[in-house]
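What follows is a set of structures for review.
In the two complexes that follow, chain A is the common piece, with chain B as its partner first and chain C second.
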Partner chain A sequence: MIEGAVWRRWVFFRLPMAIFLIFLLFPFYWMIITTFRPDGELYIPWYRANYKPFWTWNPTTAHLKYLFGETTFLIWMWNTTFIAVVATAISLFCGVLAGYALSRLNFRGAALLGTTIFITYLVPQTLLFIPLSEIIRTYSLGDTPWSLILSYPTFLIPFCTWLMMGYFKSVPKELEECARIDGAARWQAMLYIIIPVAVPGILSAMIFAFTLSWNEFIYALVFLSSPEQKTVPVGVISELVRGDVFFWGPLMAGALFGSIPVAIAYSFFVEQYVSGVTGSVKG
Partner chain B sequence: MSNVTIRQVHKHYADFHAVKGVSLEIKDKEFVVLVGPSGCGKTTTLRMVAGLETISEGDIMIGNKIVNELPPMDRDIAMVFQNYALYPHMTVYDNMAFGLKMRKFDKAEIARRVNNAADILDIKDHLTRKPRMLSGGQRQRVALGRAIVRNPKVFLFDEPLSNLDAKLRVQMRVEIKKLHQRLATTSIYVTHDQVEAMTLGDRVVVMKDGLIQQVGEPLELYNNPANRYVAGFIGSPAMNFADTMIEEVGGAVYATNPTMRIRVPEQIAARMGPHKGKPATLGIRPEDLHMASGADPEDLSFEAVVEVAEQLGAEIILDLKAGGSAMVASVEPTVKVKPQQKIRLGINPAGLRFFDATTEAAI
Partner chain C sequence: MATTAVPVPDGGIIVGKPKWRPLESEGNLAMLLLLPTIALLLMFIAYPFMRGILLAVTNSKVGVIGDFVGFENFARLLKDPIFHAVVYNTFLYTFVTTVFKLILGLWLALLLNRDFKFKAFTRAFILLPFIVPTVLACFAWKWMFDPTFSVLNWMLFKLGIVAAGAGVNWLGDGDLAMLSIMIVNIWRGVPFFAISLMAGLQTISPDLGEAAAIDGAKPLQRFWYITWPLLMPVTMVVVLFSVIQTFSDFQIVYVMTGGGPANATHLFATYAYQLGVGTGLLSQGAAVSLAMFPLLFGIVIFQLMYIRRVETR
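Right after this comes the complex of A and B.
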């Protein structure tokens, strides 16, 4: 917080903060307005006298009806949820165990392995999808949710592993040592002491992993082809942009409803998430 | 029987020899304190006893059984850590009950033991709280409670009081002493604070650079330090040292340097044979110095210049300069001296100690 006179607080804190907020939230505002704006207003050129880009007096639900009635949007939502939840669960499970092992078990080459995992994460998806699609074809997983459930962990596991590694390192090792003296085997110390203490870290890894798989585009575009298998980001783009015609109303409605689950997930866990990222455990 | 035997134990870290052959016999019910400067290998030694660190060489036995390969949970020990290591997500009750639950005690027995420990440690009112809601002293008590509920063979303490403020530290020190008198459990206590070591230990082990310097009862260390290091480490303010030459003049032995010429007491003089004509370090504790009067012989006193006088009420601590070396004397509170004043200090001959100038061993 900025100390001192009122004007200083306005100039150095409130005003920049307000500008930043407007900048961040404007796309959402635009999404909402466009969702409810009738087609007649959407497609008029900007130089017309009655051009009112930021408000509408004739809200309509036509775009929503189209989105939910004429497209398979609800199926896309279900696909996305299913894929994101399962991929997140797999990645979290592996990431927590791997992060624990890399930060706590002092085996030979632990540091090297940690770095290697991080480098895996840096390989761009735009390169990785070529060999991956070969694998997907070999196991005939193309156009099924499993193609994504199995390929998302290629970037989610390294990500979760790294995040958890950092978090486990911030947990005092005496906690675990004390548990082991108290009579807990290594797995019990992990289950009863370390994991409960690391919940904020696990939650933030979970939110990140869920968001990343929810928004993922390239793999979903490449591996899925039939409309009823698609995820929201791909479905909205491929079914609501036909050639060079953009169905702006339903598109924005799809984007709006597609971002709601992620927003809910964030707001639900925001506190744990913040303490997970800033990462501190007090004994 | 829960005696602990440490036999020729070494610890090598990747590129560091932290413990260099420590041997120690700890009797049943004994309270032994390991004391030494930071980095001397106390914690490492304790962790090897606990089983948290592998033993590079040597044996550790608890109750006459070699435990080198035994995991911590099977050694029947309890440890209190410097940062308490309370489980932050559990209540005080659950913190204390955890070890018993892990060992499959039944619920009623767990409740009985936890409540009993809470009674002894006066934390009954906090049983349902989480550790973060407790003060430092209360957390320390919970950590102690967690150790005592299991009724283990051996307690291990690693600087348990160093996170507390000075007043609380003294209070908890007494508390730990009482606890040991009540439970009579074999204890190994690590600290860098020699006052803690002297007040708590049945026996004190002074360590330096991974080696034991001396083992003995507190008074024994104070009165008969085995070497110059122990002499300087035990006691506060620390013992004064002066470099001298040993000379024999007309049947009497003297330790001399440009500012003093001190007659070596008979008993020590008898052992001075091989040191005659050689340098030796003279040691004298501040409490064995006093303002010299006419009664003090010339060869048991020396001149010094007062630099600072600290009035403590029960005594005055004088910081002095005698020739080139700094000295500290503890004198009667009624003494009146001013900075830069030249005074004569008398030596209590029973307090004189001598150390070989090269090996630093006591003569």
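Right after this comes the complex of A and C.
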């Protein structure tokens, strides 16, 4: 691609790329190294001669033991997984059906409904968290996983619908018509012909919805209160920070292990995820 | 909606089999398919939205149902110096980070659009800041910004920029704290911009650039007159998405500074949280949240109009 001298390749490609990679990935390196560094090395001021930031020769598992032994981290992990899986399932169910209806059926008000769902897609959680917390309290859902399982679909469904609409539009109409001519009912054509073809799109929506609900913070922060109900982000912030005291070792261990499930889910479906990102902006 | 396709006769084509099949009507089927979505969105978006407006025009506190006070909460906000700071901060934060995310994201997209070894691998790693839980990643940044143990200060120290004992007080000073949360926001947003814009770049035929090159266009001219205009539709959508996300941001500020020092980094969402949840002044918190709405609504309308214009062109 890049013609000309070797130095051009360094200046215009390798160097900027390296700087980008360091900027984007250094915090993760820092998380990992802090997790395994003993406290004695962690708390050395930066201007001391013995501040050795990039490596440790005395790795320790003390922070991991603290995280898994002294806190309810594993329960938070379970809560987060459970909530993310159920909320994703509900949202996929609703989003696939709605996406099909809006992209492939002609009915009165289709355009209006599509626009409305697009607008709700752009409603941020921070706009509604206060009245929603009141409503959750009225329905006595406060401090239960159901408060999140039922409220996460509000931002997941519009997203899934939007993504699926884009996907369904790309499936040729003839496919459905063939099935119809062979005598399939409309819903059969949808269930047995179109939805199986759209599986890659459904996977994109699924992986995206899962990471979004795993990462959600403000609803979980406001709706949950007891330590054994919390999700990972909220649990880490409320149990590993006491007043002004940050337990940096266990905190970084928690950050690392709280990120691993999404990172694994993501690594299996990178392609779907990327097409989800791009699909969500192309629509 | 494609209406050009060959119309399929409604109710199937098997003659002489008069079965009652209500789902053969597109309208009925659509209603059934949309029912769960509409029910959930009405219950958890439309209803909370109405409740939010009702809250904002009363003086409710936690556990106390308030009386109707009209626009008193909004009038109070207009006189509230912290709210003025919040508006200023939010606009500054959104504007600066979006500009940087666009420039850096576009640059990274152009780099990624080349052929090189480990391309798929690099692309996968680059998205990490965007997919890991923001709150958890923010802790890594907060630890990197720690006044006493900051690795960033160590780097600046080694480069000879700061002296020992006179490090940068990243989160302790108002302006620097704003800079710090901007850095974190840019860090989180650049991958999204880069990947989306890269997808946009891939839809542009390389023939156009080559033709221009044959006509003698320099690389910068090729970018400015060919790539940039063709990339515009994707850019607009990405920017508007990002503006909405950034404008309503909560997590980064909540973890990094909590709105401090001295309210220097409060945004709409964190101030609403502090009033509504922290102090229990539900109505005032709801009013701060709702104050975001007109602007967000404007952005959405603008985006819809833009999409429509592009589609009908």
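The rule is simple: the second predicted complex is superposed on the first by the 251 of 283 C-alpha atoms of A that agree within 3 Å, B and C clash if a C-alpha of one lies under 4 Å from a C-alpha of the other, contacts with A are read in each partner's own complex, and residues count from 1 in each chain.
Please note the rule applied: a residue touches a chain if its C-beta (ideal position, glycine included) is under 8 Å from a C-beta of that chain, and two chains touch if they have at least 3 such contacts.
Owing to the predicted nature of the structure, the values given are computational and were not obtained by experimental measurement.
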Which superposed partner A:197 touches (first chain B, second chain C, both, neither): first
Per-residue touch tally on chain A - higher for chain B or for chain C: C
Which of chain B and chain C A:263 touches, first, second, both or neither: second
Which superposed partner A:182 touches (first chain B, second chain C, both, neither): first
Which superposed partner A:242 touches (first chain B, second chain C, both, neither): neither
First, second, both or neither for A:127, with chain B first and chain C second: second
Where chain A meets both chain C and chain B, residue numbers: 177, 180-181, 183, 185, 281-283
Residues of chain A that touch chain C when the two form their complex: 1-2, 13, 16-17, 20-21, 23-25, 27-28, 30-31, 34, 42-47, 51, 53, 90, 93-95, 97-98, 100-102, 105-108, 110-111, 113, 115, 117-120, 122-135, 150-151, 153-154, 157-158, 161, 173, 177, 180-181, 183, 185-187, 211, 214-215, 217-218, 221-222, 232-234, 236-237, 246, 248, 251-252, 254-255, 258-259, 262-263, 266-267, 270, 273-274, 277-278, 280-283
Chain A-facing residues of chain B, complex: 50-52, 71-73, 75, 77-79, 81, 83-89, 98-99, 102-103, 131-132, 146, 150
Chain B-facing residues of chain A, complex: 172, 174-175, 177-185, 188, 192-193, 196-197, 199, 281-283
For the chain C and chain A complex, residues of the former touching the latter: 1-3, 5-6, 8, 12-14, 21, 23-24, 26-27, 29-31, 33-34, 36-37, 40-41, 44-45, 47-49, 51-52, 54-55, 104, 107-108, 111, 114-116, 120, 122-129, 131-137, 139-144, 146, 148-151, 153-154, 157, 164-165, 167, 187, 190-192, 195-196, 199-200, 234, 237-238, 241, 244-245, 247-251, 254-255, 268-269, 272-273, 276-277, 282, 285-286, 289-290, 292-293, 296, 299-300, 303-304, 307
